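Chains here go by letter, A, B, C and D, matching the order in which they are written, and residues are numbered from 1 within each.
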Amino acid sequence: MTATEKYRNNFLQEVIANVEEGEWVRMCMQCGVCSGSCPLGPHWEHPPQEIFMMIRANKRQEVLSSSSMWYCTSCYNCIARCPRGLPITHIMHGLAHYGRKLGVAPKELPTIKFSMLFWENLVQKGRVNELKLGLRLYFMNGFMNGIKTALKMQKIGLGMFLTKRMTPMEMLGGHGCKDAKGLQAILKKAQQIEDAKTVKQG
Amino acid sequence: MADKKFGAYICKGCGIGERLNANQLASVATKEGKMAFAKQHDFLCNSEGVAMIQADINAGEVNHLMIAGCSKRAKMEAFNFDNVVMSRANLREGVIWVRPDTDEAKETTQEMANDYIRMACAEVRYMNLPSSSNEQNLTGHLLVVGGGITGLTSALEAAKAGYNVTLVEKSDKLGGVSGQLYKRIPNRAPFKDPQENSVVDLIAKVEANSKIKVYLSSIVAKTEGAPGRFKVEIAAESGPTTTETIGAIVQASGFKPYDANQLPHLGFGKSPDVVDQLGLELLAREANGGAIKRPSDGKEVKSVVFVQCAGQRGNKEGYLPYCSGHCCLTSVKQAMYFKDANPNIDTAIIYTDLRTPGAGGEDFYRSGQDKGVTFTKGKVSEVSPNGSNLAVKFKDLILDEEVNLETDLVVLATGMVPNSGVDIEAIPIAIEEVEGEPKKPVSDVIEFPVKGSVLNLDYRQGADMPQLVHGFTDSHFICFPYETRRTGIYAAGPVRRPMDGFQAMEDATGATLKAIQVIENSALGRAAHPRSGDLSYPKFRKEGCTQCKRCTVECPFGAINEDEKRYPFFNEARCRRCGICMGACPVRVISFENYSVETVGQAIKAVDIPDEFSEKPRILVLACENDAYPAIDMAGMNHIEYSAFVRIIPVRCLGSVNTIWITDALNSGYDGVMLMGCRKDGDYQCHFVKGSELAHIRTSKIDDTLKGLNLETERVQTLEVAITDIQRIPQLINEMAATIEKIGMSPFKF
Amino acid sequence: MPRQYSFYPGCSSQKGASSSNYQRSVETMCSVLDIQLNDIPDWNCCSASIGYSGGGELPRIALSARNLALSEQAHPDQDVVATCAACWLATREANERLQHDAQIMTETNQALAEAGLSVKANKKIRHMVEVLVEDIGYAEISSKVKKPLEGIKIAGYVGCQTNRPFGIAGESFENPVYLDNLIAALGADPVKNYEKKVSCCGGALAFSEPEKSQALIKDILQAAVDNGANMLVTPCPVCQMNTEVYQDQINQTYGTNFKIPVVYYSTLMDIAFGKSAKEAALDGQIIKAKQLEDLASK
Amino acid sequence: MTTEIVATNQTILVVGGGISGMTAAIEAAECGKQVILLEKNPSIGGRVAQLYKYFPKLCFPTCGMEINTRRIKMNRNVRVVTMAEVTKVTGKKGDYSVEINISPRYVNENCTACGDCSNAVSGEFANEHNYGLNKRKGAYLPFAMAYPQRYVLDPAMIGTDDAAKAKEACKYNAIDLEMQAQTLQLKVGAIIWATGWQPYDANKIRPYAYDRNPNVITSVELERMMDPFGPTGGKILRPSDGKEAKDIAFIQCAGSRDHNYLKHCSRICCMASLKQTTYLRERYGNEGKATVYYIDIRAIDRFEDFYLKVRKDDNINFIKSKVANITLDKETGNPVLNGVNTEGYHRYSNPHELVVLAVGMQPSVDFANLSIDISVNEHGFIEADEESGMFAAGCAADALDVNRAVQSATASTLRAIQVINQLSAAEA
């Protein structure tokens, strides 16, 4: 980034326009209570308050490609404690989504994959199919890893089967909404509206 | 006043009657104390007891009262009689509450009480009712020096209260620095946007007000006299001078902006696009709500960086060590100038601590963020021209990295430098007589106006008010912000302490109240704070005076001038009645009618001194009535015991202690003397500023006297105590008693 | 006349799904408390708090909006009740955005129109616990107790999403006490000031970041054991699953030997109400709640 | 017995007997004006009477208090009415009618403060002067410097044997158990509201566990602990085990600058904590250790000197961070502070022996809920109003330090006097 771009509001403006609850980013006063309250905080390369500062410093690439937001467990501690009332959880989800959408989010992050699987899974039938989701999750890092994970998870899987909290019937069809088509139409439309609002960059 | 009629009233309430032999006290009062009568009462402070005393006064039975009972700090309202003088013997907090209720203690406790009766009787015998100096006259007229927002406010507020005002402004127009602002920090909810600059209306109101007379392009060339009767010479640049009689003065001489040329590393002077906050106000006024253009090439500013604490909050050479308080809010306001005109302009404020205190401050900060101003915690090391732009080098303390950024314009948040006039402590006025020449009064020696002076006071101690720290003429007292060391002259606004315009207006209003107050009180001969209402003032015997100048030099309030014959000239209304001059006088010619070398000296002598072999030493304590004495009182209230051999006398200020009292005490057989005053260093707590310090200096010389008398130096101690030393003072007393026991009784007992 | 609510079961409560046991125990509980839950017809997934990678703001709101629309059609006068914390939270968040943001309301209805639906978002979205605490009350609950859970020490693990950002009315984020009160109302002994009461179990990240999440889960279990708890009780399917099913793996990783049952409040209540182990869905426990089974068989 | 109070539209009413109210009252009286000073507590002095030291001089509030009380005692223009509260104000600038309620003190002006009643009774009650950190007798003098120097009977004691014993013990017929609450109507020309502030209720700041961890205390409580006549005899003792605390954490903005609690900055807390860090050196010399967790250190104007002085002390550390939460180390009973130092992102989990919450300033009176026509901003502070004859002094106007509160009080005095003078000018 050139000296003339530093601390310019371009990226902040972009975040305000395109990211869920993005307009709140400017209100952060760098107290760090969010960073201190995050259960997976120690795994964050850049904690929320720092991400807000980076946005204001115009560090577009570093922010959107950061793995940090993907460690949000949605525990809402940050929201509960933020003295300025920033909806931090949502901003993190929003930044994650935006980075993924622009294709700059880190590719190999398990949570991104899982999150995508989850979404696709629900879009398909309108309801989540836990077994398929689970299995696809195990195999998302390739077949061998999948077997490993599956074996590792075998005991749990067994337990779930035995307590009827997971059933092989799910493999054949399983649950879903009757009007999955209608749901998909709704989601398609919603997506269109959102895309139309997105301010193109660069 | 008619001839003195002495009467004693002895209260037997609160256990005094049970613990002490009241009849004995009464006979001490009449026989030794020379009281015409001594009435005993079971409950003197109740309405019936007070009525009895008042009846005696009305009947002309008594006009000099000795009341024995509780401390003089207790029941003040009850024992508050007009046109009489009164002394009080402290038998409750001072005797029975600090002594054990045992048979062995009975004798010494009674002796203690008897002595306090003797002392109070002696004191009242030598007291007189303060008589008027006939110096007072009422001049309900204020002088306001300075026509900035502070002076304008002071003038208007005084006029609103019905007083006439003369306002002197050295420049050719009113408004001062505030007048140059485009807009102001808001002082009303919701504290969201910059506020219209109301100084214009203020000026209009002042000019329209018939009670206010304005002198432009003029200075105060000479100020002599005292509250209620200042004579002030106002000199116009154009030549003519006018003299006005003034009651009190508000010094609103304001500040000048710090000279940013001292900050070349921040680019000032190197590029016209580096401005200070006042410079930006100018650009904003030119833009008048439109696009702000940068000085160098008139290009519309698209990005601006504010550098906080520029040349401030540092011990670097040439830096101001303090924080100017308003600059954070001012930068938020100025960033809004840009954002309100065009939200796409990039505005960054680089700060180390964002100081926007209070309700309004925090709201305004939040509003700044809401408008998209970027706040960055960082330290700027360099600003330098880079082509047509400016390069700002700083460390971002949050992102923990060195940053180089380019911007169109840089605003340096520099500080305030007070216009306090001359530093009288730095340049003491030399008035030592030249060989052969006749002695001259100060005013003949000094050329008025004194270069750089604001007030040009014709005062023995210098032409302006003493400064406190960093050149500000602030009060040192947290609970008394307007206590300047020149009675009747009150500093207000940034000359007193760094502050923004609205604080300055508040400050001006407060200072104006104090000015009005001093006018009202000096007209009645009443003292100003802290001895508010005291009618006594120094009387001095010219015949005895050796013109040693100690009183004129040592008065903390510059109250005493020297007349044409070099004799001290006491200005009643400038005097704070502390008695420091009385303590200073080596020939003891200065006294107050109700507080004198005699009233205390005789009380000291009145104490009954047992002989050398009685094993009953006597220790004299002279205690500051403002801090030490209340502490001793509270020791009593908490029933903390101390030696029965101590005799305590409250004094107005330790500085009023004349060393003769100490030598007399030693000569008359006291075994020890303790002087208890307030803290005296830079954080002094002496209500008369220098009293405690001076007392320490004076008594430091007492050692020679002691050696001369062949006495151990331990026998005299000068101590710093605080009003909270409720446990420590009894300890100190008991330690002194132990010391006496160790070194033995004084040989000077007759 | 039973209390009626429009019910949003959520994916994991379906037959053969991970919290089907929760669903069963709730049904039993409701029969005792005379609560009638009317399923939202053809409800869909809410995308919980993990769908955000694929789904943006509006699509995610649209998901919940569809459920609300269907609820408004089928049970116009009934508040929506969810048993799953994530379902409740997602639906309530959507509801509030719709209520407070006119633009989102219009856009959402544009989307819903594709399936001939429209939403008003004019009803409360409530967690089953709110129904118990606010509509029923502890007093009535304890009045239904037939077998007090005497001598059982229970750590009330509230977790995150039933507690933040909305929480149960009158409770604090840092130390909510409604589970403790409920436990006490059933005659059991709640762990006072259970340190990990509102700590995060990793939520959905238990799948994608097992090691990191299990570290959190370990602390939650450890604190309960240290406080002498015989079991945990929770109002959230994700909390329940995470704290129960990974105990073996945690024991392997950390050399601990946790084997502490984690039950739903509804299961707990059913047993206290004198219902059978089956009705209370105790058979759904991977780690058997022995004390409760014994009590049930008495 | 009923209180007789003379007041006219030439009278200035000052509500609140803290440093601001005392200043406003005495400054007006020393200008020759008639003043009534109302105080809801049994004695004047307010919050400053509960402070150990002032910043930045580290001098003692009782020192200035002594001067001010003396000025009031000697000045017949001031009438002090304690245990009194304003319930209603009607009328306009220059002509207000005020309704005040006076609670019974059960001790009349015969009291000599001899203390016999206190010695006679045994029942004890929470000592409000020490924020409830210890107990006091049911018949008591609130504190040694208390003015009026007159004892009080705790209303909860009335009707008990103790009450009878107290009456029995008083030789001066000063105890009147029949005393009733009374309502008075006053006519005044101007009103100065000096109702001051109260510490924000730390129980509401749940993440800091004040309600659960005894070793988390408030800044105002620490002031009382430092008083040699306070609840701990001047020692800094941990409530949990009575051990001396030598490693103390100070948490800034505890309840301030936070939309969950008080949105405004309380201004004094930074300086108050800086002041309190010096208490450690005062008590423990080199063994004391303080850590200040802050967002911004707001040591404005000349206070900067004090900040720099404290900064120089190696035993005092500063961490830019709003502490996330406080957990408990069960072995030591130490509170553990968790959070992130945002200057470069450093996580911490720091145990300290004691935590002091620098609690915020909340206006004492909720004017919004009084039937008084006065404009108050969203933070509860009174807004200036040109048209009104009612003025705010001190912390009723904004969060202010003592020095600024006194300035504000002095300014409001002039405004009140203007009303009175304009009135008499018009009547003349």
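Basically, contacts are C-beta pairs under 8 Å (C-beta built on N, C-alpha and C of every residue); 3 or more make two chains touch, one makes a residue touch a chain.
Keep in mind that what you see is a predicted model, and the values were worked out from it rather than measured.
Here A-D and B-D are compared, and the pair linked by more C-beta contacts is B-D.
Overall, the chain located most centrally, as judged by its C-alpha mean against the mean of all protein C-alpha atoms, is D.
Among the remaining chains, the Cα-based centre furthest from that of chain D is the centre of A.
Chain A and chain D have CA centres that are 50 Å apart.
If each chain is reduced to the centroid of its CA atoms, chain B and chain D end up 24 Å from each other. Measuring from the averaged C-alpha position of chain B to that of chain C gives a distance of 67 Å. Distance between chain A and chain B, defined via averaged C-alpha coordinates, is recorded as 64 Å.
Annotation for chain B: residues 354, 377, 398 touch two or more other chains. Residue positions 207, 257, 320, 325, 342, 345 of chain D are each in touch with at least two other chains.
Contact of a single residue of chain A with at least two other chains is seen at positions 29-30, 49-50, 77, 81, 84. If each chain is drawn as a node and touching chains are joined, the picture fits none of the line, ring, star or complete shapes. Those residues of chain C that touch chain D in the shared complex are 172-175, 193, 195. Of all the residues in chain B, the ones that touch chain A in their complex are 303, 305, 344, 346, 348, 354, 365-366, 369-370, 372-377, 386, 389, 391, 396, 398-399, 403-406. Remark: chain A residues 29-33, 35-37, 41-42, 46-47, 49-50, 77, 81, 83-85 touch chain D in the complex.
Touching chain D in their complex are the following residues of chain B: 13-15, 43, 45-46, 70, 73-77, 80, 157, 160-162, 187-190, 313, 315, 321-325, 353-363, 377, 397-398, 400, 469-470, 472, 474, 476-482, 497-499, 503, 506-507, 509-510, 512-514, 516-517, 520-521, 529-530, 532-533, 626-627, 630, 634, 637-638, 678-679, 683, 685, 687, 722-724, 726-727. Only residues 206-207, 209, 211-212, 325, 327-328 of chain D touch chain C when the two sit together in their complex.
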